[in-house]
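The next block holds one structure in the form of structure tokens; read it before the comments.
Just so it is clear, A, B, C, D, E and F label the chains in written order, and each chain counts residues from 1 on its own.
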Amino acid sequence: SGFTHLDASGAARMVDVSEKRVSTRTATATGRVLLGAEAVAALRGGTVPKGDALAVARIAGIQGAKRTPDLVPLCHPIAVHGVEVDLAVVDEGVDISATVRTADRTGVEMEALTCVMTAALGLVDMVKAIDPGAEVTRVRVEEKTGGRKGHWRRGGGGE
Amino acid sequence: SGFTHLDASGAARMVDVSEKRVSTRTATATGRVLLGAEAVAALRGGTVPKGDALAVARIAGIQGAKRTPDLVPLCHPIAVHGVEVDLAVVDEGVDISATVRTADRTGVEMEALTCVMTAALGLVDMVKAIDPGAEVTRVRVEEKTGGRKGHWRRGGGGE
Amino acid sequence: SGFTHLDASGAARMVDVSEKRVSTRTATATGRVLLGAEAVAALRGGTVPKGDALAVARIAGIQGAKRTPDLVPLCHPIAVHGVEVDLAVVDEGVDISATVRTADRTGVEMEALTCVMTAALGLVDMVKAIDPGAEVTRVRVEEKTGGRKGHWRRGGGGE
Amino acid sequence: SGFTHLDASGAARMVDVSEKRVSTRTATATGRVLLGAEAVAALRGGTVPKGDALAVARIAGIQGAKRTPDLVPLCHPIAVHGVEVDLAVVDEGVDISATVRTADRTGVEMEALTCVMTAALGLVDMVKAIDPGAEVTRVRVEEKTGGRKGHWRRGGGGE
Amino acid sequence: SGFTHLDASGAARMVDVSEKRVSTRTATATGRVLLGAEAVAALRGGTVPKGDALAVARIAGIQGAKRTPDLVPLCHPIAVHGVEVDLAVVDEGVDISATVRTADRTGVEMEALTCVMTAALGLVDMVKAIDPGAEVTRVRVEEKTGGRKGHWRRGGGGE
Amino acid sequence: SGFTHLDASGAARMVDVSEKRVSTRTATATGRVLLGAEAVAALRGGTVPKGDALAVARIAGIQGAKRTPDLVPLCHPIAVHGVEVDLAVVDEGVDISATVRTADRTGVEMEALTCVMTAALGLVDMVKAIDPGAEVTRVRVEEKTGGRKGHWRRGGGGE
């Protein structure tokens, strides 16, 4: 035919969700930033030279959640209606948990994951002069609610 | 004085690098996306329903590297001069490696980490319908060159 | 507990509005750019060397309104449904008035303020070669309608 | 009055659509990138040195559709609910077709056009080392559905 | 090896330019927006209902040039040092010409093309209520200067 | 000639700076957010319900400085090399001071002004539930150094 289609099955497309129902949906994701003892002490003591690392990370996470459709090529732009980011300094580093809420047509697990990842990036940037070996690990969705599939919990399946 | 300063030591600021020397710098970061057998098989077979997951992830990573100063609050805008992203499907999921190059005033380790993370987010989005339990893990800087501190390698120290 | 929480009451979060009702809302904000006589004359005569300063400012304002959630960390992304920017050259400089409309879950006063401020920035940039001392002043919300709290007018309270 | 209004009829504004009805709408746009024989052969053979040009163009198009309100000053931010981009290598170059879907208050023809144009830009960038004379041509809306005006087809009028 | 590499030759990457020399470079691109007689008359008469279409298009073009690395996946972020956009209303529609200047490590032809395309998109958006059949055509690089390859002119080759 | 040029003297363009010298430049801008007694007390007591308002404002300001070329249509993209934002709670509200540094081809006064304005917007958003009448005032450049014109200080002229 003169055409050289890229394999049709492999061609990326943004799936049509215009007929999906608007409903309240939430997603919670978590992750951990592994840090050395010196960085943990600086975070606990509030002595990180670049400034308030936990506040920077939290705000980076909230803003990252809003930037998800810019970062993830096939993600739908979505009305992010609520974001909570919890950062806890533990002996091994910092635990991050993010919950995103919306009333829209698709789930918000990518927004929750992006929130955790940008919070982690923001944190690593703040402490990298103290610990250049920081490692972000175990970033994953823990729980989802709403939408056609209903409740999903990690390790537990749906309902 | 009538002023209530936020604790001066805690106030975030973008460190001045205007007097630092322009020099060639590189950074390599890696990470892994843990996936179930079904998702790995779909990636190997090129049968991911949303499209070419590895191409999407790679491009997401390159674009993510360029968006680093938008995502990481205190990062300097930097002239990203080269980005390579390598994705390898392994039995446990996908290994990601990114190398960023610049001739500028600061290091590019945050760009390399952001590249790996956005590639990972792009990949998770492509396969999440197959594996909602995907996990991003071990995202970290492996090596840096250039700048005042010179060569740094994970686990090995400087030179 | 091994945890060092940032003071919970101080942790920034994006307030959940997913349960709020979609309704028509408007907000009007105003501001003034104080300019010297030479800059005012150039605006009135259409002789600003960098080009049509009022058109640039107006478009900057409209685009700024759309960028509000990118600029204001805890702002919800919102469906901006209408923006009008009015610029009037007065003897003291330029008066800016912006009205933003939406049918969404939260008010648009931040969008109206951002619109005025980006219009002001755009204007200052156009005339700064003529008047490096330009000053933006009295940027504030004048009126809001819609939402749970209903009508609010500056200096007058609600209804 | 002391005021020098810019001609009111010429002052750009974002038209208020807050009272328009949410409905399912689609728009299809097309365009062509004219390329020389060497570039066409490289695309057909998958030997473009910078990488998979068609995948890059397709993803650029999808992301471009989402960036429409950032690029087109008076465009409303809109909930893009589905994007398909089809690229076909023909003897004269590459034909691009994009269909955008939404359930929102305004049409998506600008999103479809932006999708075609950013896909074309992405493609030109990939092959410009082979063919610096690439030309993007005949970018236009082919068909629209939904909204108050209903169905519109190029050259055929409404229904 | 257990690895399933995407075909190495097809993997998109941002080419390293860190070793290229900073030099003054320019690129000029042109394009045309084909419009019906009614739209041309409205542009000539300054009676486009949405506002000053040519000013909006020009500003959209300048801003688009700055957004090139956001839109074109493998483009290097570049220091755009000067942009001129010329719009001329002709009987067939609007002719657009854009010249971009930089002192940086890569050419600016993609910036010039993006400038023309976003100006065209901005213009189409302004007149689409008058002419829904607007067509953007013949968008191409006319001339480049600077860099390793030196002067290039369309149809004429290098020097 | 068949052409209807927009008045050439009025056509906005980004001034060419490619031939300007790279040099160290700084700019300091200030502004004030006028707030009622209740909001001032909440800031002093750290009891703003939405979270740490001063940290959010500071980070918004730093990120805003980096977004200047996105917001101000004719601003050159510039390598922001350092940003400091100082927020002081006073009886009348909050005083903001921002200093931006670069080693680049143009001044950074627009970056300093944008920094103050986005910090102010971020602050107003945090306290608007307490004080919907917040007003941003006296946003202006205080001092510039570097570049061809050298030192400039508000009210004092150059040197």
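Assume a residue touches a chain if its C-beta (ideal position, glycine included) is under 8 Å from a C-beta of that chain, and two chains touch if they have at least 3 such contacts.
Everything numeric in this text was worked out from a predicted model, so none of it was measured.
**Q** Which chains are shared contacts of subunit B and subunit C?
**A** A, D, E, F
**Q** I need the rotation angle between the copies subunit C and subunit E from a CA superposition, between 0 and 180°, in steps of 5.
**A** Copies differ by a rotation of 180 degrees.
**Q** Give the chain pair, either B-D or C-F, that is connected by more C-beta contacts.
**A** C-F
**Q** How many angstrom lie between the centres of subunit A and subunit B, each centre taken as the mean Cα position?
**A** Inter-chain centre distance comes to 14 Å.
**Q** Report, in whole Å, the distance between the mean C-alpha point of subunit A and the mean C-alpha point of subunit D.
**A** A distance of 30 Å separates the two centres.
**Q** Name the residues of subunit A that each touch 2 or more other chains.
**A** Each of 11-13, 15, 52, 55-56, 59, 63, 67, 70, 73-74, 77, 79 in subunit A touches at least two other chains.
**Q** Pick one for the touching-chains graph, please: line, ring, star, complete, other.
**A** Contact map by chain: other.
**Q** Using the contact rule from the top, write out all pairs of chains that touch.
**A** A-B, A-C, A-D, A-F, B-D, B-E, B-F, C-D, C-E, C-F, D-E, E-F
**Q** What residues on subunit F touch subunit E, complex-wise?
**A** Counting only subunit F, the residues touching subunit E are 2-6, 11-19, 69-70, 73-74, 76-79, 104-105.
**Q** Tell me, which parts of subunit E touch subunit D in their complex?
**A** Within the complex, subunit E contacts subunit D at residues 7, 9-13, 15, 31, 46-47, 50-52, 55-56, 59-60, 63-64, 67, 70-75, 109-110, 113-114, 117-118, 120-122, 124-126, 128, 132-141, 144, 152, 154-155.
**Q** Which stretch or stretches of subunit E touch subunit C in the complex?
**A** Residues of subunit E touching subunit C: 52, 55-56, 59, 63.
**Q** Show me the residue ranges of subunit C that touch subunit D in the complex, using the header's touch definition.
**A** Touching subunit D from subunit C are residues 24, 43-44, 54-55, 58-59, 62-63, 65-67, 77, 79-91, 101-103.
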